[in-house]
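Data first, discussion second: the structure below is written as structure tokens.
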Amino acid sequence: MELATAIFYLVAAVTVGSAAMVAFSRNIIYSAFSLLGTFAGVAGIYVFLGADFVAAVQVLIYVGGILVLILFAVMLTHRITDVQITNRAAGRIPALVMVAVFIALLVQTIQETPWVKAKEIVYVPTTGAIGDLFLQSYLLPFELASLVLLAALIGAVVLARKEIKE
Amino acid sequence: MEHPIQTDYLRWIVLLPLLGAGWNGLLGAQLQKRVGKWLVSLFACAPVVFSFLLSLAAFFGLLALKPEERFLTDRVYAWLSLGSLHVDVAFWVDPLSAVMILVVTGIGGLIHIYSIGYMHEDRSYWRYFAFLNLFTFAMLLLVTADNLLLMFIGWEGVGLCSYALIGFWYQDHVNTRAGNKAFIVNRVGDFGFILGIFLIFWSLDQQGHGTVAFREIATFASLLQGQEIWGIGVVTLATLFLFLGATGKSAQIPLYVWLPDAMQGPTPVSALIHAATMVTAGVYMIARLNFLFSMAPVTLEVVASVGVATALLAATIALTQTDIKRVLAYSTISQLGYMFLAAGVAAYGAAIFHLMTHAFFKACLFLGSGSVIHAMGGEQDMRKMGGLSRSLPWTFWTFTIAVLAIAGTPLTAGFFSKDEILWQAFSSPHGSSWLWLLGVAGAGMTAFYMFRQLFLVFFGECRADHHVQEHLHESPKVMTLPLVVLAVGSIAAGWIGLPGIFGPNLFAQWLEPVLGAAHEAHGSGAAEGTLMVFSVGVAAFGFYLAYLIYYRRALAPEHFSSLAGGLLYRLSYNKYYIDEIYQFVFIRGTLLLARIGVWIDQYIIDFIVDGSARTTALVSWVNGLFDNYVIDGIVNQLADSTFAAGDKFRKVQTGNINSYLYVILGAVIVAIIVKLRYWS
Amino acid sequence: MAIGLTHYLVLGAILFSLGLYTVLTRRNAISVLMGVELILNSANINYVAFSHFSSGNVDGQIYAIFVIMLAAAEAAVGLAIVLAIFQLFHTIDVGAVETLKE
Amino acid sequence: MTDHVLTYMTFFPLAGMVVVLLLPRERHDLVRWASALFTLPPLLLAVWLYRNFDPVNPGLQFVEKAAWIPAYNINYFVAVDGISISMVLLTALLTFLCIFASWGIDKGVKGYFALFLLLDTGMMGVFVALDFFLFYIFWEVMLLPMYFLIGIWGGPRREYAAIKFFLYTLFGSVLMLLAILALYFSSEPHTFDMTQLIAQSSRYGTTPLHFWPFDHLRWGFQHVVWMALFIGFAIKIPAFPFHTWLPDAHVEAPTAISVILAGILLKMGAYGILRINYPMLPEATADLAYYFLGALGTWNIIYGALCAMAQKDFKKLVAYSSVSHMGYVMLGMASFTPQGISGAVLQMFNHGTITGMLFLLVGVIYDRAHHRDIDGFGGLAAVMPVYTGVSVLAFFASMGLPGLSGFISEVLVLLGAWQKYPLLSALGASGVILTAGYLLWTIQRVYLGATNEKYKAMPEINGRELFTLVPLGIIVIILGVYPNALLDLLRASLDQLNQLVIPHLS
């Protein structure tokens, strides 16, 4: 087994393992922290796929932004001193069955589909290319995205601010 | 193109009344208060009189030239110059406009003088004269403009003054509404007029000669032949557009409805604007552009048909009206119809001739009625008059002469001009015996209703109450003198345009350089004489009927009004309900359009922000305006509407997120299985 | 066996399933959101993998970036809602917040 | 002095703002006179500019250019040409008059006038800036004081109106900024210089776009940039459906601010399209002008007139009449004929003066009666004859009565539009009938009829109010009689502008 392959499996294991922690942990704090592993792992996967920019964005936004948000939310909605931090789960059996069926189908699909192969697989820096695309053929979605973010921002502020009851 | 003679006094014909208007408009109120009304009158009448003298000078200037060179022009400055569009502020006088400026300043001057007496008691004396002068300016601009766009200034300018003078006594909303109606109806006509200008300009521009100046249009008009727009010949469409303008200004079907209401203004205004000058602008315009109209036989047919139809329709309405001025108003519409009939059979000279004679006798009639109203203390209902010939002798005699003239009594002005029109309607290549017959029928009715008016007002017993009777008095000299001059004109003005069988037609010769030679009649002199006798006979019958009913009282009017169950009478008396129909179709139509807009917008909003209809209706009720919430609604009520949308859908919702997820997941699984099994 | 497209897709599928499970079973709104994040991440892996192995250009990565952006927006709004709900009901158990039902 | 005339005109009011801020708070009259004093030099310079402007030269005049941020190739670059000269004159005139129209402000006088002077600088800067970056900065400088002037000194619903105004225009600004950046990065070397961007206008081509919703249209980069700029400017014009901020902002704003809004701010939209969309994106202009300027403009004319007819609030009526009248500007621009485009720019100027008058006139009776309900007046002509005379002049000018300035521009627009779009021109001309309808109806309800008992003793218009109105009235008459006074200045530049687009028309 090559070193690269080994590292891939290692990263994949970290990703899946921490994702499983997220899914099964009884403590929401643990869940939240495990998410860090997943996000970092996925960033690693991106590196394997030659997507340097996306990997960086993954780390910046998921780890730096979303995860921190989630942690804040956890902290704000639970008194940290509580011994019992609930992370109740319900209906495990039907969920497991559904998920199992689903993953089986997915794997089958993955196996059976004749995926298109690229002519050559290259590892070049992608940041420049992505930047160009954003300002050319993806200009409109890009601008729309900025609008969506603005709207989300305002929406979040409006929703989360404390109502002052009269 | 021969070079016209450049002068620099023509501009003063036009500008003097403007100076008078400016002076009285800005300073009149103070002058009237500090110095007195005489100074206001002086500054109002003097410019018009001077204009008249200058017009005479221009007339004699033309007379001194050879017929084909009779053309004076005065270019003041370049007004607009953009791309191929070049418009000058330039005035011109040729035989046609010479007639018009003499009529406008001559009759206008008389009416100015008459107004000194008529308006003497009014508080806003200065305002009246300012507008009257402004009107004279606009009318002179209209007739002396050397291009269509400048003419349009005068065209709308006279409309403005008409609006202002109809609503002169603005404290009463009846008057202001009449003014609004006149202006807006005229705007519809102006809309056609301006489109006609655009069409002519651009069609000529395509040939490399874009212009709006009359003389250049005349030179290049032949280039328009064969051009089309929207599948219609350019000349036809342009002349139809222009004719729409003429129907507005000259009160023809379908836009005549404003003129009867315009009688709300002071009576001298009715005489000047709504009888003698402004309403004839359409006729003048068609005569001015006769070369274009002659190129469009379809348009000519429309013009003639509209003219004769208007003449008849208005005459039938005039038969039953009881308001002294309304009868005259409908008579004016009817006479204008005759002018358009003449123009429509390409007898432009006859139209202008009738325009001129009509200016005399109709001004005389209106001023006479003004004198009557003055004496009656404002009463306008003919049923309350009668027997006024004794107390108002001057008014009576001049009025009688004018009635004789309009009825077409031989040797009066109206006889010659109307006869000329009827003869042309019969004999012209564009004419037909039908047009002639309808015209004669109208002439008979004219004689009837005019003599009806004469008998009702001046003969018989006075039906006014005692208070009014005691105060009956003849008007002052300043009012009767113009009446006498106009009465003389009502007879003498016709003699310059004698029909072929009586002698040379000086008037037609005078206009020949502009309007072209009158066509050779294809009938003989004998035919003309026969038709003339016939039409006089019909008019005499109309007179006799009026005499029997309203003088001898041998026939009861009810005898006729109850014909066909009174239906005809009611139709005529109520003006065929045209006003009501217009009100319903156009005014309500516009408002309905707005409401349809409201409805559509509400529908769209309801579509976009589902469920917010109630709030929307509330806001719409408060604001009265829909567009506030097409967009605002989205902004302001997003939260509301989301909730409302949820409200509608909540019947199918349990609120349990997990259950939704199971449903979704199940569906996805089924979809994948189906895809794998059956489509792979 | 060299690491190929299939490996990444399977990894994505596993991650997706774990996310799905989280979303299905958790009663805590924040945990549900975490599950959604897992699902989004798995989709991104697929995008980037296809971009790398199949198309050979970076369009897939562009979409991944859009997804990340949307995830950020979703997290912001979602967590704001969670906070608002917490203020209102003093719990964030999704089962307890069923006022849509009458 | 004369080398920097535009700079002086732009920054004099800014200096005035500094001075006003240093004055003591309670000396109201001192603040007012100081403001008047600092808006007077720009007006005098504008007169000088008018007299020294070379009408034959289609290019830029009174150019000033200096490096500002060399790293990004940003310059301080101001100049005027035929497109902007009329707007510069209008701005100088209206701001000066509006200082006097603001005399009645007695709350926070110092702040009001300081913001007003800042606004003046922003507006003037927008019209003279020829560097995109500078343009954008002035654009934003103008928005901020406007927000506060409406939000603090406005009517009862001022905050709502101010926020609405701000959000709308901010949305437009964002799109505009993106378009500016797109143009910047697509130029080579990267530049904000408008003249260089115009010179490079052939670079953009129409490479089709491959993403929804543009994949089915033959749209290229420049069409998208055009649309972004257009929406930004259409909000200002305001074109349907971006117009709903206008009535609210007008109704709530104090009189002088309404005048500035209608007189100058609305023009920026049309000016921006002429200054930026036309020369920089001529191909997209040729493709899109019919739909987004011609047809939409005609729709504006009729829709605005219909909406105006339904209004009960005097100021809202005037606001909607602005929507209608700005439609003529759009229609004229879209015609690409010398008459149409000159008519459009002339209409921009005329609308500034006429609507300025109308708002001032509404302000006069609002100050006396404290309401603007059209049906609540009646018969004012008997009580206030001078006021009525001036009002009627303004109304008829707005109606496009021949002999007054509105007629010239409307007829030029419609005449110009007829050549390319006879149907749109005819529809636009029918708007004239509707305009006459609602304006005459308003005259009748407010000024004519029996005098309302409540206002029997209403004081006649005073000297200060007349002073703000008379100059505008005189200009309205002069431009109606002798339009070449302004048209001469515009002609050369606008013809040149037309020639940039015409080759691309199909």
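The first chain written gets the first letter, and so on, giving A, B, C and D; residue counts start at 1 in each chain.
By definition in this document, a contact is a pair of C-beta atoms (placed from the backbone, for glycine too) under 8 Å apart; a residue touches a chain by one contact, two chains touch by 3 or more.
All values derive from a computational prediction rather than experimental measurement.
Participant: Out of every possible chain pairing, which has the most C-beta contacts?
Facilitator: Chains A-C share more contact pairs than any other pair.
Participant: If you average the Cα atoms of chain A and of chain D to get two centres, how far apart are those centres in Å?
Facilitator: Once rounded, the distance between the two centres reads 50 Å.
Participant: Averaged over CA atoms, how far is the centre of chain A from the centre of chain B? Could you give it in whole Å?
Facilitator: Using C-alpha averages as centres, the distance is 79 Å.
Participant: If you average the CA atoms of chain C and of chain D, how far apart do the two points sit, in angstrom?
Facilitator: Comparing mean C-alpha positions, chain D is 49 Å from chain C.
Participant: Hey, how far is the Cα centre of chain B from the one of chain C, in Å?
Facilitator: Centre-to-centre distance between chain B and chain C: 76 Å.
Participant: Could you tell me which residues belong to chain B and also touch two or more other chains?
Facilitator: 658, 662, 665
Participant: Chain A: which residues touch two or more other chains?
Facilitator: 90-91, 98, 102, 106, 138, 141
Participant: Counting only residues that touch at least 2 other chains, which ones in chain C make the list?
Facilitator: 20, 24-25, 95
Participant: According to the definition already given, which pairs of chains are in contact?
Facilitator: Pairs satisfying the touch definition: A-B, A-C, A-D, B-C, B-D.
Participant: Which residues, counting only chain D, touch chain A once they are in their complex?
Facilitator: Within the complex, chain D contacts chain A at residues 174-175, 178, 182, 185, 209-211, 214, 221, 224, 228.
Participant: If you look only at chain C, which of its residues touch chain B in the complex?
Facilitator: Interface residues on the chain C side: 20, 23-25, 32, 94-95, 97-102.
Participant: Flag every residue of chain B that touches chain A in the complex, lowest number first.
Facilitator: Listed in rising order, the residues are 658, 662, 665-666, 668-669, 672-673, 676, 680.
Participant: What does chain A use to touch chain B in their complex?
Facilitator: That would be residues 90-91, 94, 98, 101-102, 105-106, 108-109, 112 of chain A.
Participant: List the residues on chain C that touch chain A in their complex, please.
Facilitator: 2-3, 5-11, 13-22, 24-28, 30-31, 33-35, 37-38, 41, 44-45, 48-49, 51-59, 61-62, 64-66, 68-77, 79-84, 86-87, 92-93, 95
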